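Each of the two complexes below includes chain A, the first together with chain B, the second together with chain C.
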Partner chain A sequence: MLWYKAWRETRKVTLVGIIAMAIACVLIMYNQQLMRDHADAPMTYIAYIYKAVYNSMGRDIFIILSIILGSGGLLQEKSVGTVGFTLSLPASRTRILLWRAVVGYLGVLAIAITPVIVVPLGSRYLGQSYPLGQAFGFFVLWSACGALFYGYTFLLAHILEGEHTSILLAIPSLMLYGVLMGLPWLARFPMLNIFDIMNGEDMPFFDERLRMLVGPLPWLTLVVIPLVAMSFVFTASRRMQPRDF
Partner chain B sequence: MIPERIIQTHELTKHYGDFHAVNQLNCRVRSERITGFLGRNGAGKSSTIKMLLGMISPTSGSGTVLGHSIANAKDSIEIRRKIAYVGEDKGLYGYMTVAQLIWFTKSFYPDWRPEVEKKLLAEYRLPPGRKVKALSKGMRTKLALLLALSRRPELLILDEPTEGLDPVSIEELLQTLVTAPANGTTVFFSSHQLSEVERIADDILIIDHGVSVLDMSLDQIRENYRRVTLGFNIPVPKLPTLDGMEKIHVNGRQVTILASWNSEAIAQLGRERNAVAVDIAPISLREIFLESVQDQNKQDQQTHWEQQNALV
Partner chain C sequence: MLWYKAWRESRIRFLLSAALITCMCFTFTLLQGRLYPGIAHEHAAVHNYTQYIHWTVYGGVTRGILQLSCLVLALGGLQRDKREGTLGFTLALPVSRVRLVLTRAATGLAEVLVLSLLPPFFITGASHLIHQPMPLGYGLQFIPLWTIGGMVTFGIAFIFSVLFTNEYVALAAAYMTYFFYLAGVRHPRLKYNLHVADFMSGQFPGQLDRSTMLWGNTYPLTPIIGFFIAGVILVAVSTFVTTRQDF
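Presenting the complex of A and B:
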């Protein structure tokens, strides 16, 4: 039943996240003609959706929600006063923590898959078309990269005490990471830039002109990133074992 | 089989930096009895309980609960499966309703008793549909007690269980606790309400500065502890120390001796030293508790005062 506790802890953010993502996608699609008419250069519908959903608002919403979902755990429970009850249950700290990590990440996946459902369906309703394969490709990219944002915040949440401390540190540190990745000597390693992998920008599997995923996805990178995220969760678990509450 | 000593600690120690929360504590809690665990604020009660539950790790020493080592992670889970615990802060998940929290909690315990759950829900007037965060502190305490008492645990550990309860609920809780040993449940509870402890406890464990200062059955305390008052019409003569003399206070021509036993011999000593008035009186748990901790309390106050002066 630890899954239930984890679900209740993440439910609100997950549902609000799904709704916010769906509303954002709908608004983006609804305003497509107006926005495309006022664009500096002519833009296809597919390019517009890419720019607005996968390279702008949708992506930003997803990253922030992944960070928020990663911010739970035993130290957060300590700050709200429920950790005594949780640790008195006949369950190991590892189990408690892993269930929280798994259920929280399922929330990340649920938010990531929202555009896959909303964008192709909404596009059809508006008389436009957005390929399901494209939406699914971005879902795969978001799922892997979201795991990293999620795992990173999850680790911070198991290092720093306080209800929102991990979020407050994760957001500026990821912004700093983004700035660092823009430096010329780091820009030579595009596969280190998670933000670019997420939206495909400057990547060999992405066509800049069509704004579409074209080549095979970087599967090795997409396996390595979740493994790094898992190592963050594992480290968080190791940190919690000897901790006094 | 339940061991006769359900909780046992040997030189159990917990340090937080320079602060010694629990200091080489040796204690034993007998099965199917009610043990009152007393001490001032910061005496080490909660730290001891948390060590027993595996929430904090001992700095040194060892302990067992129901025969399981508190230092072993797997044993610790087994301990928590067999016991019920109500913590001092009664922190429960505010985002769940009363019914959801009950449903969630009972899934961990095969010994859950639905009939007791229903009885306590009615008795405590807990609204099943209300969110825990919307409950008053007293109601949250009642819910925490319901979650602990709806089972038939081998050991019930309660940290300040009556805090925040109204008098009627306190009375109902005490009645429940009194009957627990008859059902095979040992009760180990900390409290600052000495009158409650005196009413229901079989054994008393007092700790101060993390050290056990009294570990005895209440019957033994009642039988042996006495206040011996000796009145003299001459300056108080020097009295030799006899076995059982715990504390001696001299006030003018009157000597008050706290005796843990041997009170008759102490009184006889007074008579031999020409005491004109000799009185042996029973002593309450409150007085024993205060006598046990007040010397250290004065020392602490003095140390604190000196530290404050040093800062100025």
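Presenting the complex of A and C:
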């Protein structure tokens, strides 16, 4: 029942994320004609959805919630005083942590899949069309990249005590990482820029003019990123083994 | 001693935020030689050092970190005490709930003020080290904007901190509300600019000259007063909600 414990701890944040993402998608679609009329240059509906959901508000909501879902764990339970009960469960620390990691990541996936459901359906209702394949392609990109944000915060949460320390460090460090990726000698390696991979910007699998995913996704990169995230989770698990609570 | 209690509960978050903002200020100034070309290439509006500092600090990433800090500093309070099992001790203190809430709010806002004071002094000092011109007066004019804008951001999260016991839910809800507010005030049909991030960056009419990012001869007080009133209302609503709660 460790999965149930982890679910009880993360369900509210997951639900807030799903609801927020759904509302954001609905409001973006509802205001599409007005926003497109006021845009600097004419844009298609597909380009507008890309800009608003996958390159702006929707993406930001997803990143922040992936980070918030990754915070919380045994160190944070210590401050609340429940860590003794958790550690007395007949399960290894590794199992407790891994279940927490898996259930939290499922929450990340649930938030990522929300636009796949809401955008194509809502577009149809408005008399517009957004290809399901496009939405699903971005879901795959977000799933992989979201794993990294989640895993990174998960690791920080198991290194630093304090309920918000991991969030206060994760967000600025990712911001700084985004700035550093603008350095010329790093910009030469576009596959290192996870933010561009997430929304396809400057990527060979993305058409800048149509604002659509074209061509095959970078499957090797999309496998490596979650593996890196898993290494963060395993490192967190190894750190908790000898810890004296 | 309520302020001391509020300080003890928030000091780690405050000190970490202060360290982050300081670090960002020094990074963008001392590494200006390496970062400027990339940023100028990405953003057509950046042509000189002042515009670079505005893009990265006063109107950019560092301002974003202050906004994040304001959201996180507002968390805690009686709901947190309830979660940790110390609520009885807090409510048993011979002070009203209004005083408890207002003291926590005042402590948090004082911390926001201190965070707003950091960039002007560090940026000016560090710019001097790298022989770049950055008068202290330029940064000082951002202090009221960051403080009052931070107060609104703080107020939004403060409301959720009195509603939710789980701090992560409070933070998630506060963040989402903040996102929707920032997106909503960009609606083309809105007559007035109510975007607090634009206000904090000096992008309101009458503030910075958009082409040079330098201060003009005017310094409009109306938006400052307006956002201040909004921040006060948010804290007042939180106080009212707390007095009505049955723990």
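Throughout what follows, the second predicted complex is superposed on the first by the 245 of 245 C-alpha atoms of A that agree within 3 Å, B and C clash if a C-alpha of one lies under 4 Å from a C-alpha of the other, contacts with A are read in each partner's own complex, and residues count from 1 in each chain.
Everything below uses one rule, namely that a residue touches a chain if its C-beta (ideal position, glycine included) is under 8 Å from a C-beta of that chain, and two chains touch if they have at least 3 such contacts.
Just so it is clear, the model here is predicted, and its values are computed rather than measured.
Q: Record, for the superposition on chain A, whether partners chain B and chain C clash or fit.
A: fit
Q: Does the superposition put A:34 against chain B (first), chain C (second), both, or neither?
A: Only chain C; A:34 stays clear of chain B.
Q: A:89 contacts which: chain B (first), chain C (second), both, neither?
A: first
Q: Let me test your reading of the model: by the given contact rule, A:5 touches which partner, first (chain B), second (chain C), both or neither?
A: First partner only, chain B.
Q: Of the partners chain B and chain C, which touch A:165 in the superposed model: first, second, both, neither?
A: second
Q: What is the C-alpha-centre angle with chain A at the apex and chain B, chain C at the ends, nearest 10 degrees?
A: An angle of 80 degrees, rounded.
Q: Please work out whether A:242 is in contact with chain B alone, chain C alone, both, or neither, and reply first, second, both or neither.
A: Only chain B; A:242 stays clear of chain C.
Q: Determine, for the superposed model, which of the two partners chain B and chain C contacts more residues of chain A.
A: Of chain B and chain C, C contacts more residues of chain A.
Q: Counting only touches as set out at the top, which of chain B and chain C does A:81 meet: first, second, both, neither?
A: Both partners.
Q: Would you sort A:20 into first (chain B), second (chain C), both or neither based on which partner it touches?
A: A:20 sits against chain C, while chain B stays out of touch.
Q: Between chain B and chain C, whom does A:124 touch in the aligned arrangement: first, second, both, or neither?
A: neither
Q: On the overlay, how many Å separate the closest CA atoms of chain B and chain C?
A: Superposed model gives a least chain B-chain C C-alpha distance of 5 Å.
Q: What part of chain A is shared between its chain B contacts and its chain C contacts?
A: Shared contact residues on chain A (touching chain B in one complex, chain C in the other): 12, 80-81.
Q: For a test of understanding, state which residues of chain C touch chain A in their complex under the given definition.
A: My answer: residues 12-13, 16-17, 20, 24, 27, 34-35, 37-39, 41-42, 56, 61, 64-65, 68-69, 72, 75, 83-85, 166-169, 171-173, 175-176, 179-180, 183, 187-189.
Q: Considering only the defined contacts, which chain B positions touch chain A in the complex?
A: Where chain B meets chain A, its residues are 50, 53-57, 73, 77-78, 80-81, 85, 87, 89, 91-96, 100, 104-105, 107-109, 144.
Q: For chain A, which residues are in contact with chain C within the complex?
A: Of all residues in chain A, those touching chain C are 12-13, 16-17, 20, 23-24, 27, 31, 34-35, 37-38, 57, 60-61, 64-65, 68, 71-72, 79-81, 162-165, 167-169, 171-172, 175-176, 179, 182-184, 187.
Q: How about chain A: which of its residues touch chain B in the complex?
A: Where chain A meets chain B, its residues are 1, 4-5, 8-9, 12, 80-85, 87-92, 241-242, 244-245.
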